[in-house]
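Look at the two complexes coming up: chain A is in both, with chain B in one and chain C in the other.
Presenting the complex of A and B:
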């Protein structure tokens, strides 16, 4: 432990330094978001399937992901899974670290996204689909033009929450040596001979705080714009 | 699979399960109490207090738990030393205490939102009716409002608690010796990553399964008054009839 006096004046300097790693966090989050939404959509579709085995697999996957801490999931997939593949004769050491991490994050958030989509589709009255079909729309058209725009409005608030959760989740990337905001902060601490830990972590906290605060505001605004003129359910 | 390793290290990992459970339960109780206080304070709208509270809740919700753990880990000892410069106890405070404080306050800010929503869901007429029966404020809260709000809050509190169990794994990064840290260290000795992390996964999955089930049982018990008493289990014949009716 360092006994250096606390200097709040150093925090802005550290904020700027840490922000150098912002693009990495952004790429991680956006890529994981896109893949996570894709996996989530597949899961949500699977949970509406008429075939029981498909439904069971989807719900099993969701329960599995919900029961495992993200940290353990990262270790399991990043360190454990390549060992398994090696024993099966596949070498995974050439896989890019960042790409691998993106997939792990996507898997970690996919369960939450699938639940979000599922519940928002269930919130749309069945009569909407029936009416669309009755005027001669195909199933795809009914989904794309009638159900999806309504379900999107229902999902928007929890979409914002899920994205904030994802951004917070990316802070775990440092455990496998990814230099995102968290990783950068830890590098700065090491370079400074571990004397300014509190200042650096406070700077890091300020960055995440600002990011999530802005996102929350943006989301609230979007919800207001998107649901303008709609009948409120409450 | 390295069976010898599994047989040797599984009991070792399991021996730290009480630490994980202690972390989770103590933080949860702390979170529930503080969360309730938070939500009550928020309702009162006391000028300065409610603004400070809003900032606190925003901090605990927006910053990753891991960063909060680090901040608490380095900030609290400094604050304490500046308050009591000649105390020898501060340096000996175990990391678990900081972890519990952080996880507890973190979840308290989520719990306060859940409580707020739950209180809002109880109709104002209930309080009025209780007052009209000459109940005191405290009586109305304890006998009329809380039981109803609790039922509404319970499912959300369950998922919050399941999340808390997972977040205890983050405490391993700030040096709390619980199952994740034990698993990581045992794996590092002989590079038995696969076995070690499968064991950890299994422990966490079983833990959340059992607790999820237990909570659902409690939910259906506590919420039974809403349906007018405990439901009798339906006979197979009845269930089949309902299914057929649904199909038609």
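Presenting the complex of A and C:
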């Protein structure tokens, strides 16, 4: 590795180059978010189940996932799991890499999303549901029209945090060769014979920082709009 | 008009209702009194199926169900005949005052929006909240919130309104305005069952008082019979305790 002088002027150029992979990061994050919310919602619903085995399975899953570093989870599911399936006679080598990674990200965030939903629903007084039932609503109507909108308001700040965590998490996709922002940065570095690592990684950091900064602002704005005039919990 | 027979309800090993009978005629205002933990609130909640009684029958306007075998459809049907006013108001926090009242009309009774708004506005004027239609519950006082609760209940045009200690979460200053509204509702001839600790109010408004103790109806009759010259010893003890405490209040 040669020791070249630092050139800040190169950073904007690298930013633009790296941003070529922005769509990939976006797809990873959005798809994982949707699937993660779906899994999280199922887990949250399961944790409120009247059947004990269902609750035990849900909380077991949540505790298991929460206790594993994301990188370990990726290797476990991407490299380890197919070996198990092979022994069972299922060949997983044809599975699309990106789709597989999306599912892994979704699993990684599902536990946190489930806990977020669970605590938001618990924050809504039982009386809200009872009042809705007492005027003749069905349980589903009570949930959709009364409980959910309030729980959403409670969840909104931590939803923003969870999404930011997810965006940063997608940078681990490079370990299985996905060319997202991080992957692209590494390619640029390799092409440049590893001489401009500082500039490229700075450019990459700026991109992630800007994304998270914008999301944070957006979230704050949404929270303000959503809670305007109404206090969400008593 | 409303009749319950042999209502029993236990929470685990704790038997809260041990076979309560109660009959309410159309236009009756029934006050249920008794010590905390005697089962009055549970009885009221059973009538609206917020609590599922273990045994007994409930009949409203000739429509009878057995608590043991009641199904979802019957619960939904009978709930439509009652409306509840809650101790802690339980207004929908994500809805405005007006929406709190129209919600049931539009979503449950499928009344056209404009008509629902008219009806709700009329009711809210009646309870003295015409200037709060677009406020959210969190910006209202307890007394105002409870008046919205009463308007919301009345909007359902129920056969009977169930009021669960409607004033016990209010400070003394706000009790008066709320009781005045309830009194007006009573004057309209709407059937009501009120669980209350306000003995004077019960005496004043009810035409029937029911004293419940340890999950059983101990005594019932006119306000004079139960509150002034009770026959049962347990009732006498309860009433005297109340008189005592009222002497000490300022």
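One rule holds for everything that comes next: the second predicted complex is superposed on the first by the 229 of 234 C-alpha atoms of A that agree within 3 Å, B and C clash if a C-alpha of one lies under 4 Å from a C-alpha of the other, contacts with A are read in each partner's own complex, and residues count from 1 in each chain.
One rule holds in what follows: a contact is a pair of C-beta atoms (placed from the backbone, for glycine too) under 8 Å apart; a residue touches a chain by one contact, two chains touch by 3 or more.
Everything numeric here is computed off the predicted structure, so don't read it as measured data.
Asks: So, does A:145 touch the first partner chain B, the second partner chain C, both, or neither?
Replies: After superposing on A, A:145 lies in contact with chain C but is clear of chain B.
Asks: So, A:80: does it touch chain B (first), chain C (second), both, or neither?
Replies: first
Asks: For A:212, using the defined touch cut-off, is the partner it touches chain B, chain C, both, or neither? Pick first, second, both or neither.
Replies: The answer is first: A:212 touches chain B but not chain C.
Asks: Figure out whether A:6 sits in contact with chain B (first) or chain C (second), or with both, or with neither.
Replies: A:6 contacts chain B only, not chain C.
Asks: For A:204 in the superposed arrangement: first (chain B), second (chain C), both or neither?
Replies: first
Asks: Quick one: name whichever of chain B and chain C touches more residues of chain A.
Replies: B
Asks: One more residue to check, A:70. First (chain B), second (chain C), both or neither?
Replies: Touch partner of A:70: chain B, not chain C.
Asks: May I ask you to decide whether A:175 touches chain B, chain C, both, or neither, giving the answer as first, second, both or neither?
Replies: In the superposition, A:175 touches chain B alone.
Asks: Check chain A for residues that touch chain B in one structure and chain C in the other, and list them.
Replies: Comparing the two interfaces on chain A, one with chain B and one with chain C, no residues are shared.
Asks: Touching chain B in the complex: which residues of chain A?
Replies: For this pair, the touching residues of chain A are 1, 6, 63-64, 66-73, 75-76, 79-81, 83-84, 164, 168-169, 171-172, 175, 182, 197-198, 201-202, 204-205, 208-209, 211-213, 216.
Asks: Which part of chain A faces chain C closely enough to touch in the complex?
Replies: 125, 127-128, 130-138, 141, 145-146, 149-150, 153, 229-234
Asks: Under the stated contact criterion, what part of chain C meets chain A in this complex?
Replies: Per the touch definition, chain C meets chain A at residues 48-50, 76, 79-80, 82-84, 86, 88, 90-95, 103-104, 107-109, 136, 138-139, 152-153, 156.
Asks: Across the complex, what residues on chain B touch chain A?
Replies: Residues of chain B touching chain A: 58-59, 61-68, 70-71, 74-75, 77-78, 91, 162, 165-170, 172-173, 180, 183-184, 187, 191, 193-194, 196-198, 200-201, 204-205, 207-209.
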